[in-house]
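What follows is chain A paired twice: with chain B in the first complex and chain C in the second.
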Partner chain A sequence: MKRKTIAGLVGAVLGAAVVAAPAHAQDVKIGLMAAISGPIAALAPPMAAASKLAVAHVNEQGGILNGGKLEAVLGDSACNPQNATDTATKAVNIDRVLAIVGPACSGAVLATANSVAVPAGVLLITPSGTSPEITKLADKDLVFRTLPSDDYQGRALARTLKARGIEKVAVAYLNNDYGKGLAESFKAEFEANGGTLAGYSGHEEGKASYRSELATLARGGADTLVIFDYGDGTGLTILRQSLENGFFKTFVGADGMKSEGLVKSIGAQNLDGFFVSAPVGEASASLDNFNKAYKAAGENIDAVFATTSYDAAFLAALAIEKAGGDKAKLAESLRAVAMAPGEPIMAGEWAKAKQLIAEGKDIDYKGAGGDHEFDAAGDVPGKYAFFKVSGTGYESVADMQ
Partner chain B sequence: MDLLGLANYAVFMAILIGIYALLALGLNIQWGFTGLFNAGIAGFFAVGAYASAILTSLPASGRLGGYELPLVVGWLAAMAAAALIAWPIGKICLRFRSDYLAIATIGVAEIIRLVIRTEGWLTGGVRGVTGIPRPFGDLDYMPSQIAYLAIVATLVLVAYLLVERQVKSPWGRMMRAIRDNELAAAAMGKQVEARRLQAFVFGSALMGLAGALFVHFNRSVTPEAIDPMIATFLIWIMLILGGSGNNRGAILGAAVIWIIWSVSELLTDRLPTEVAVQAKYARVFIIGLTLQLVLRFRPEGILPERQPGAPPHR
Partner chain C sequence: MSFLEFLNFHLVPGIVLGSVYAVGAIGITLVFGILRFAHFAHGDMATLGAFIALALVTAGLTPWAALPVAMAAVAVVAIVVDKLFYDYLKARPKIMTVMASLGVALMLRAVVQVVFGVDPRTYATGIVRPDDYFGILLRDRELYTLAAVVLIVVGLTLFLRHSRWGKAMRAMSDNPDLARLSGVDNRKVTMLTWAIVGALCAASGFMLGINNELQSMMGWQVLLPMFAAAILGGVGRVEGAVLGGLIVGVAEEMSIFILPAQYKAATAFVLLLLILLVRPRGLLNGKVL
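What follows is the complex of A and B.
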């Protein structure tokens, strides 16, 4: 340890003496911090594939800066802060990346932003960290995300229910950052608008029966149960057991509950009173572009966070192009290329974007996963719609405000 | 790859090695000298982490905290909290022999993790605690890392010297006696249970300090950080590889394992992209393989235990 320390210090002194030479080579690297091992390992390969697709689009259509190649450095953030900071430190210091796409989990995003990306002045865009804590980071405007904070959806859902005349609900949420984040923002907004929560409780994943929890919630006297859970997992069990026992009449879920497997499993005829909120992409042409290319790459277009991963990598590349490779200008360049006004750019239109940037024109990237109009904290507002079950799938009933 | 970047990376690695070295030293007191199989390191790490986080962080709505106390208070409180949690656990569980104690401590760590996840008023729940100060955190990237390394290195050195002094004293000999032959030690009038409890509490306090150092480095803590893989089993591997019963071995083991863990990713990055995703698992395999090889060919670890007065091994 002591020797290591001394070696580190000597290295530091030597390093400080050598001024970091600006990169003359035109090749540019970005880091992809996917959670390859760890609890969400199943989500990582499609996310990494989507980000790599964006990199491939850049390289196929003229490359980055003066014909350089964009290279993606794949790191394993393992969904925990120890591995995420380690892999990000390597990406920033050894591979000299200009931007990081990821990490995937919110806790890893917080740690990486605090101890690596922000001190080192590297842009960080997470495609899947949804914790509202990320909004509050003192990040020198370097931390962005391409999907809305859980806060938006919970609040929008609360307002929608109020507007539909529902005054009293019970809430059952899965006790993880997704379920709890939604439940808390829903609760705050619903109560602020004069609604009543007749029950509010979290549950753990994977139990065989939730009847006792549901019975407790039903005792509050509400007709509507709001479920913040996953429709392919525990949420299905909860919905089925509520229906079987007649605990509630109406059920409302968030995007995690919008599952076609759920409709198939319970049957559309039993789901008259089931509604979900889910994000809707506005720039559908952009989403079509992405879906076509992603399918051609042999991936499943329904993969979670695929569109946001693509957009995060594409935006990072656009920002680097706009900034001319200058690290100090990345944040303002990202805002310039992602936000209105400007010539709209769809997913996959790298050559057009490059051309416009070279001509000095303003562009506005309309991503596959949303418009990405960042607010002051680097968050994007979500566009949500309210869906009901129709046939084997879902049909939009109303837009949510 | 340039020198400045390499140095930054080296400093970062050294900080994490220092934090893991504290954990390994704590475990060495418990396992190396006293023979207590603590498989719940993550729990004590978490208690220290959250204790310091709550006491020193900025105010936030919806959870306890925002006392903005000085860091030193937070770190002392981290050690005290971990020790306080360890005391009743030890009181109940230390009557079990080794493997039963392992099961009990795994359970305790899991309970602590679930309490942290669910009791949002105390710990911020799954969202964790943010706004934790980092000493010298306002400096630039490299000076700030070096300053933090200096703090961690000092604390590791102090912990090492104190533990070393303690185990060289009659107390240390007594602990070894209890470890090697409990009945004989009891027959000689040593209070076996009280001594084991002491070792359990001391070791846990060091683990709590490591937790505090970790959260101040990252300025945030979430339950994701108390994954048993990275906060319990990795430390066991470090201690076994370095040499349990030898404090230098514990520190060396932390360094070797963390360097293998971290640097092996740089090597797998050189593989073609088609296998890059699978290759990330190779380092988990390398760690496992290293442990197997050590247990097969050098079960006493790289630096074996030195018995005071005994001729060196070999």
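What follows is the complex of A and C.
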């Protein structure tokens, strides 16, 4: 009896879905693969909020295609290849998304691209996957990113440290695609500029103690430790144990370490010697547009990856609009809407873009996080700043070359 | 490298870490020995305990005062989990209970993530620089951790050796049918075992948290070293779990001398494989599984 009731209910729900389907025929779904749990969890909410802001802009200003609604299907990629692949498979096969914004972490991007997005022909735009390995993907031109590869960041960071008079550093990197990629480009550039690496070692995530590794690194005699890790994961443990044991005086991290949870947990008063690099949007009218809207939504405009998350979702929507919802044309449409020449479109100007596309005119999206002139591999050049801890957050101290 | 450096940065962290592993491994070995299955939810139960203590600390208790309360709370949770899930599968093959415990692990973790969020948390903000004891650097929390572990181990050993219920637990571990025939109430012993296991979980999670930070994945990540410790010492042997925990903890911190740091996590694996190959009953001659 019970089983019959359930079967009846399921049938009724399915029937309702079939009946309801035609009314939403114009709706378009994109997958939003945020790293809600896992080592960069604290970065995820502002990123998802920024992507959703882009979706809201689309829906407020005329919707997508023939007045349809753009819907963001939120999934948890957990900064982990397995979770990301599962979530992406669900998004592609069950929710039938046309494009994926995310996943957030490089290893997750590589796995999702190889096993889900590229085989299914779904466009993938990551707002924060920065590993140089992503450049090398055989991706049928389906994988893009709205922020520069870490190859640039590692090199820029190496030059910045040299310029600040730091000659000798030790490097501790998380042994995954993100940490290793950064560490390798940093090492190459730092040594090429005459700097000395007094220690260079990878570590696994999730251990309770890193004191023996740190003691070994400290024995090299450097005062500065460069940490390529996540500030909400192992990076926090490493920083805490280094500070408590006095292994190093100065600590430098990359974008993954720029976490407010880290400042809260260790305390700003203990973090005088802690600096991070992170990509920043160049001052532009588009960035102002974004900042105004993002602030109005009650978010903090200094959140890392917020601009790139907005741009990734907005670009995905533009590409879908341009391609008329045709999955096969998404990649070429993305290049058409993002790159010069064309009428410039700023962040938030969906109505204008929609009209120009309808008129068959070429547009060029100038994003909040950059111009997004993709190269052949789907990468963009970028700009970084060097931050120090200030209050409960971070404050930019210098631009990086 | 000086001898003091070796002590401070390799041996002492290894012993502190090892004693936390030991507390977790005792729980695992009790479930293994008395209830005869591998309890995969152990790590996440530890996480739950750590976060319950955090809630109490946020409410105004000092961390070490919050510990007993958290232990009691998780003891209750463990009994409830047993009644809801494991007890129901008692008559089925043990592998089902093992898999159910994996499911329980995911559920407990999800509860922690929903209630407390996924950001790293700490019992107290800031950092603690160590005190110098004749050249050996120790923090108060490390001394308290070691003291608490000694207290737990001695207390538990006395309980198992000399009390009526402790003897009943050991009897059930040796042979459940014979124990029942001799008048031991298996259901009560099972409940008691879960209460003790839950309390030990909370203690290990708390000590892991107070020596580092609290993360929703922290328990899951120490599950493997804890299992390695339990098997290394001999399944069902409390002293074995303590010995195994210390060996695994110290070996992890020492592995840095012979292996690149990224292979540190593999140390527990290697130890587990070696012991299963050379001495499957464990160092102190536990049960064969």
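The definition used in the following text is that the second predicted complex is superposed on the first by the 229 of 401 C-alpha atoms of A that agree within 3 Å, B and C clash if a C-alpha of one lies under 4 Å from a C-alpha of the other, contacts with A are read in each partner's own complex, and residues count from 1 in each chain.
Please note the rule applied: a contact is a pair of C-beta atoms (placed from the backbone, for glycine too) under 8 Å apart; a residue touches a chain by one contact, two chains touch by 3 or more.
Keep in mind the model is a prediction, meaning the values are calculated, not measured.
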Per-residue touch tally on chain A - higher for chain B or for chain C: B
Partner chain in contact with A:S37 - chain B first, chain C second, else both or neither: both
Partner chain in contact with A:G202 - chain B first, chain C second, else both or neither: both
First, second, both or neither for A:T135, with chain B first and chain C second: neither
Partner chain(s) touched by A:Q355 [first = chain B, second = chain C, both, neither]: neither
Touching partner for A:C105 - first (chain B), second (chain C), both, neither: first
Touching partner for A:N59 - first (chain B), second (chain C), both, neither: neither
Partner chain in contact with A:N175 - chain B first, chain C second, else both or neither: both
Partner chain in contact with A:T216 - chain B first, chain C second, else both or neither: second
Touching partner for A:I266 - first (chain B), second (chain C), both, neither: second
Where chain A meets both chain C and chain B, residue numbers: 36-38, 175, 202
Chain A-touching residues of chain C, taken from the complex the two chains share: 1, 5, 8-10, 13-14, 16-17, 20, 113, 117-122, 125-130, 137, 139, 208, 211-213, 215-218, 221-222, 252-254, 256, 260-265
Residues of chain A that touch chain C when the two form their complex: 36-38, 41-42, 175, 201-209, 211-216, 219, 232-233, 236-237, 240, 243-246, 261-262, 264-267, 269-270
Chain A-facing residues of chain B, complex: 1-14, 16-18, 21, 62, 117-118, 120, 125-128, 130-131, 134, 140-142, 144-146, 149, 153, 156-157, 214, 217-225, 227, 230-231, 251-252, 254-255, 261-262, 265-266, 269, 273, 276-277, 280-281, 284
Of chain A, residues touching chain B in the complex: 1-2, 4-5, 7-9, 11-12, 14-16, 18, 20-21, 34, 36-39, 44-45, 48, 52, 73-76, 78-83, 85-87, 89-90, 92-96, 105-108, 110-111, 114-116, 119-121, 131-133, 136-137, 175-177, 180-181, 184, 202
